[in-house]
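Each of the next two complexes has chain A plus one other chain: chain B in the first, chain C in the second.
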Partner chain A sequence: MEGDIGLWGVPLAILGGAIRVSTPFIFVSLGETITERSGRINLGLEGTLVFGAMAAYAIAVETGSPWIGVLAAMVAGAGFGLLHGWICSFPKVNDIAVGIALMLFGMGLAFFFGKPYIQPSAPNLPAIPLGDWSSLPQVRAALNVNVLFLVGAALALALWWAFKNTKIGLIVRVVGDSADAARAMGLSPNTVRLFATAAGGALAAIGGAYLSLYYPGSWNERLSSGQGLMAVALVIFARWNPLGCFAAALLFGGAGALGPALQSVGVTQGYYLFYAAPYVLTLIVMIAASSPGRALAGAPGELSITR
Partner chain B sequence: MNAQTVPAVGVEAIGMTMRFGGFTALDDVTVKVPAGSFHALLGENGAGKSTLVKCMMGFYTPTSGDMVVNGREAVIASPKDAGALGLGMVYQHFTLVPSLTGEENLVISRENAPAVIDWGKERRDLKSFMERMPFKIPLEQPVSALAAGEKQKLEIVKQLYLGRRFLVLDEPTSVLTPGEAEEMLGLVRGMTRRGELTVLMISHKFHEVTAFADDVSVLRKGKLTGRGRVANLDRRKMAAMMIGDQAIAALDQRAPTPADAVSVLEVNAVKAKDRSGLKSIEIDGLKVKAGEIVGVAGVSGNGQKEFLEVLAGQRAREAGEIRVKNASYEATREQSRKLNVRFIPEEPLRNACAPKMTVAENIAFRTFDLDKDGKPASWISARAIRDYATSLIAQFKVKTASLSSPIQSLSGGNVQRAVLARELSGAVDLLIVSNPCFGLDFAAVAEIRARIMKARNGGAAVLLMSEDLDELLELSDRILVMSDGQLVYETPIAQADLHVIGEHMAGKH
Partner chain C sequence: MTDASISRRRLLQSSVAGAALGVIGAPFTARPARAAGATVGFIYVGPKDDFGYNQAHAEGANALRGIEGIQLVEEENVPESVDVQKTMESMVNLDGASLIFPTSFGYFDPHVIAVAKKFPDVQFRHCGGLWDKAKHPMNAGSYFGYINFGQYLNGVAAGHATKSKKIGFVAAKPIPQVLLNVNAFLLGARSVDPSITCQVIFTGEWSLAVKEAEATNALIDQGADVITCHVDGPKVVTQTAAGRGAFVCGYHASQAPLAPEKYLTGAEWNWATVYTMYAKHLLAGEPLPNFTRGGIADGFVKMSPLGPGVPDAGRKQFEATLDEIKKGGFSVFKGPLKDNKGNEVAAAGKAFPETAIELESMNYLVDGVRGSTS
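On to the complex of A and B.
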């Protein structure tokens, strides 16, 4: 049979899957990196992601343009971020508890507003066929790269640069590492964190938009499989470094593609176990990164999990 | 931003009064600091020193009082206004951002930092700026990698970089070794002599004031109780202005340690990870005999805290053995009770108390579950706890509104007295103490030191860890120096030399 490449299909499918599956991870983890670098944790990004997916899908259906859908998701995500940041600016409020509440709130709201959009189909986000040079359909499928993946890669690079070379980047790091120092400089930690959380929410919502508008490419209530939560673990794994987030997202994406890849080459037994790979990886990452005796290297000093 | 062209700024605070509700923290205080002078502000904790400088720097709006900067009346409503007039403050705790490099810290602290930072240009500017500074600091490293002395210098450099020419230094040497402190203050002194800088230094160390300051103002209970040229005052006069006529507990004569005294505490080849988990502390061959005080000196962060935690059973040790009275010691409640081991950790409210529980309950922590015969009791008697606490409160002069006040409502000195009452009652064979007098006033310090000496003379073995070298020199029979997680130097008190100890603290050997 032409195009039958046997077991080579597995690594190829994992590569393609890594690119496809990793995109939401990239956006959520970059968003969470901005938020955490400012000294707050937003665990509500799972809810933001689901709501972003719904908002993007609904607006794309209504307007016929997937890009307006993405924009709408960003606005909604920023709104969730602002809400989180605003609640956390009150004294003695725990950012993790607020995050969990907002996660459930975002998902509930998305299911409520999303009911009428389960049936209609929305226009998809465009992909760039980078694999056209090959005659193998597997290669072409694997290298059919969505625009948002490339945007995510560029964003990771831009953030990495910005944390070192821009005033805003340094201010976010100052606030995240020492609120006292920030106050002594006349900065308001709460304001900086408010905007950092809003930016994080907007990026996470793009991740959601990708889910509903490209892969898997439809809106339903089981769309997310915990990407928003796993991204938090991923940020720790990446040591709050945007480039590390990109690499870690690819790794998680690849792990997520393991199950489908095995299935596609005809493994019929036990591939469900491999569907659990990303979750097992999350656990392993958390265990490897934890230690009873020392603080995490590279962690922002103001983060509630490291204090 | 040129150190040679921008002259020092002279500042006067006139008739400063600050009331918080019915409490007068500052009462009509006038302090004049002419340009290019080095002025010291002396006073005990709570005397109003911090309130005064906060009013001057615009953190507080004083109830009444005026500021004069360079001979002109000035309105300082916020720290920003103070900065614009060239007034800056170096805090007791560092305000540098630990994970940022020195360069990043300096550039981002600038009001007009560019949106996109051109590091090539900034590095050139910083280099030429640093060439005019007497301080040499590696700017390309993260601040967390700098030594305490370097951080303190960087704090000062930051203020100068921002164009400030009147600096308030709030107890600038509290975390430095004597050598670092002298060097830093000497360099600052040089800048004031050259007319590049004016300094107002908050301090409670007389030797620093006498060595470096031109003038001194002394506060007590919010009032100015004395001022003058340092050259015309001696230590005794300054102390009298600071503490007034309160009685100060006298230290007992040091009884000679019996020649046949047995060693009570032995630490053999103990290894443990430090706070960061990256380095370890290794203590070997430490012995403390009955009837002696062994002092452990060191700059904070060199493993003393971790060592104390190991002794207290709060930190797991990886190897080695701790023996108390020749029995292996694992720091269980049972063992510490049987072997009479007592602890006075630093920051007692946080480390030795349950802040929201009452004074009486806190005092009874060691004994509440025992009956009159020292056997485990099945019923806890509230009356016994109260009676026990009543007698100890009287004996140790703990000032508290009532037995059932939460212990966190007490002043620092009284919390420490309550902890001492608990730890020093009954038989004490081994006493482990860490920074017992940190942040306390004169009377409390003298009394606590007297109690520790009394315990020693009563035959207890005392291990005293302190960052205050004067305290160690006053109390210890032997002094050890801890640096980088190890005991690196030992000297009997008779041969102790402050500078040799300081050099070992700085890890120069």
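On to the complex of A and C.
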């Protein structure tokens, strides 16, 4: 029967899932990488993501343009980042506690302002049909790649290069590894961290915009299922490396598609276990990659969890 | 025995303080007295405009606004945890609610039971059907509708619309109400063509937007061309399926505005009937029924108007089946019927009417449904 792909549906779903589901993880984890490389942890990105999703959806409904929505989300996300950076610039403020407060604040604010936008439909972000060469509708659907995914991939590469080769990259790394060395160079750690957190917030909000404007493509209070929090964990998993973040996000997205895909081909026993696959996989990779000799390799020296 | 003397002194101190608090607190803890009328509380697990479960309940609650003497208190996004107990207690203590509808399935055990025992003169009616006269407090109760008849009708429409003879169901959790719907959907489709199969995917939660979208995509990848669901907010499933070119049957509320071309029909709740009935009993001072059930004929459930994707033959069969259901005596589940593991669940000649209480403990998927309950 034409269009019946049977068991091939599983690898295809993992591929499609990796592309569809990973984008929010990519943006949030890249944003968090910038922030953490500067020596701060912003745990509030889940709130930023949810607020970004709401802001993008609301503005897209009002203006009719999803791109203006994404822009609005970035502005809002940068605002949250600035707020976090500003509060943390005071002495003896714990960045993790501020992050948790801002997470709840961002979600509450998003729920409050988002109420009137649950019902209306917003225009979606465009996707590029990279699967047109195939006659199978399943392949076409899996390779219908959203523009933001490609932007995320390019951004991961650019950040990886920039951290190594540019002056700004060096400044962020110095501030993150040793505030004293940065001060000796005439840099202000607080200012650098302020902007690094703002950039992180803006990126996280793009992740939210992807959720509300493309996949699954609607706004309500239950839209995020902890993607923002998981992405923060992915940064540690990826050892603060932007390319690692990209790979980890893909892995996580693909593993998340495993549960539904296996059920659709008839592997139905114990689906709750398959739904745990992304987390089990993360654990396995963490254990395999760990060694007593080089604990948390790549961690910025100024992070409050490593200091 | 210093320990004993200290503890005795402490005991005295604390009891004095307690008594003082009691005196001060008395006017506040006493239930607010109201001259006439009653306050009715509604608790939703999600947003009340979710195009789904909660919206259906909120629309029903809205019908009470027009009734004189009824005050409404509502709270949305209340998790199925100890949070709902706090919400119920504050509705009783602060708002003076005398009747509370905790509308989500997972609220009942242990939360509603615990709070109902604590406030014996407040009435609790839970949506979903777990109340048992022998085990649970008499000031609690349950109401539900035979919406599986609606899913059966969805299946009739789907059976006429499908070309691949594969239909798909995105389900939240394998509880009896969900299994009833999955099975009824397939049996409806099989009343059109007995070769139709239905693939079910359980997402494990009532509301997981990304997983629902993934499940919908996986079903369509496997060839399903009509999708329905039983999750709290069918918006994501509807939009994803229609975006992939599949037909959709709705659930809970009408999702027709989301996909006017692809929407076949839908099984919708009509809770206004139930809530108005309870409110009238309450105002008249009559005892509220503990166990309320109804179907399409009773106005508990209604169908969305048929969409353009249903062919003429389908319309005819749909209308005929609907009339038969309204007449009464129609059975969705009748023998000979096997589950999808080959066990017989109904012998030839045996038919379960919609009111059959056995159906509310359904724990199997019928033959033709691909999937597993665990």
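Everything below uses one rule, namely that the second predicted complex is superposed on the first by the 279 of 307 C-alpha atoms of A that agree within 3 Å, B and C clash if a C-alpha of one lies under 4 Å from a C-alpha of the other, contacts with A are read in each partner's own complex, and residues count from 1 in each chain.
Rule of thumb we're sticking to: contacts are C-beta pairs under 8 Å (C-beta built on N, C-alpha and C of every residue); 3 or more make two chains touch, one makes a residue touch a chain.
The structure displayed is predicted, hence computed values, not measured ones.
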| item | value |
| --- | --- |
| Chain C versus chain B on the shared chain A, clash or fit after superposition | fit |
| Which superposed partner A:301 touches (first chain B, second chain C, both, neither) | first |
| When both partners are placed on the shared chain, which of chain B and chain C touches more of chain A | C |
| Chain B versus chain C as contact partner of A:216, first or second or both or neither | second |
| Partner chain(s) touched by A:190 [first = chain B, second = chain C, both, neither] | neither |
| Chain B versus chain C as contact partner of A:118, first or second or both or neither | second |
| Partner chain in contact with A:89 - chain B first, chain C second, else both or neither | neither |
| After the two structures are overlaid on chain A, angle v-u-w for chain B, chain A, chain C in degrees (C-alpha centres, nearest 10) | 130 |
| Three-chain overlay, closest Cα atoms of chain B and chain C, distance in Å | 14 |
| Interfacial residue positions of chain C with respect to chain A in the complex | 46-47, 49-51, 77, 164, 199-204, 207-215, 217-223, 232-233, 235-236, 239-240, 244-245, 258, 370-372, 374 |
| Residue numbers on chain A that touch chain B, as the complex places them | 165-168, 170-171, 173-174, 177-178, 180-182, 184-186, 291, 293-295, 297-298, 300-301 |
| List of chain B residues in touch with chain A within their complex | 79-80, 91, 93-100, 104, 107-109, 111, 113-117, 119, 273, 275-278, 316 |
| Sites on chain A touched by chain C in the complex | 1, 3-5, 9, 12-13, 16-17, 20-21, 111, 115, 118-119, 121, 137-138, 141-142, 211, 215-218, 220-223, 225, 227, 256-257, 259-261, 263-266, 268-272, 275 |
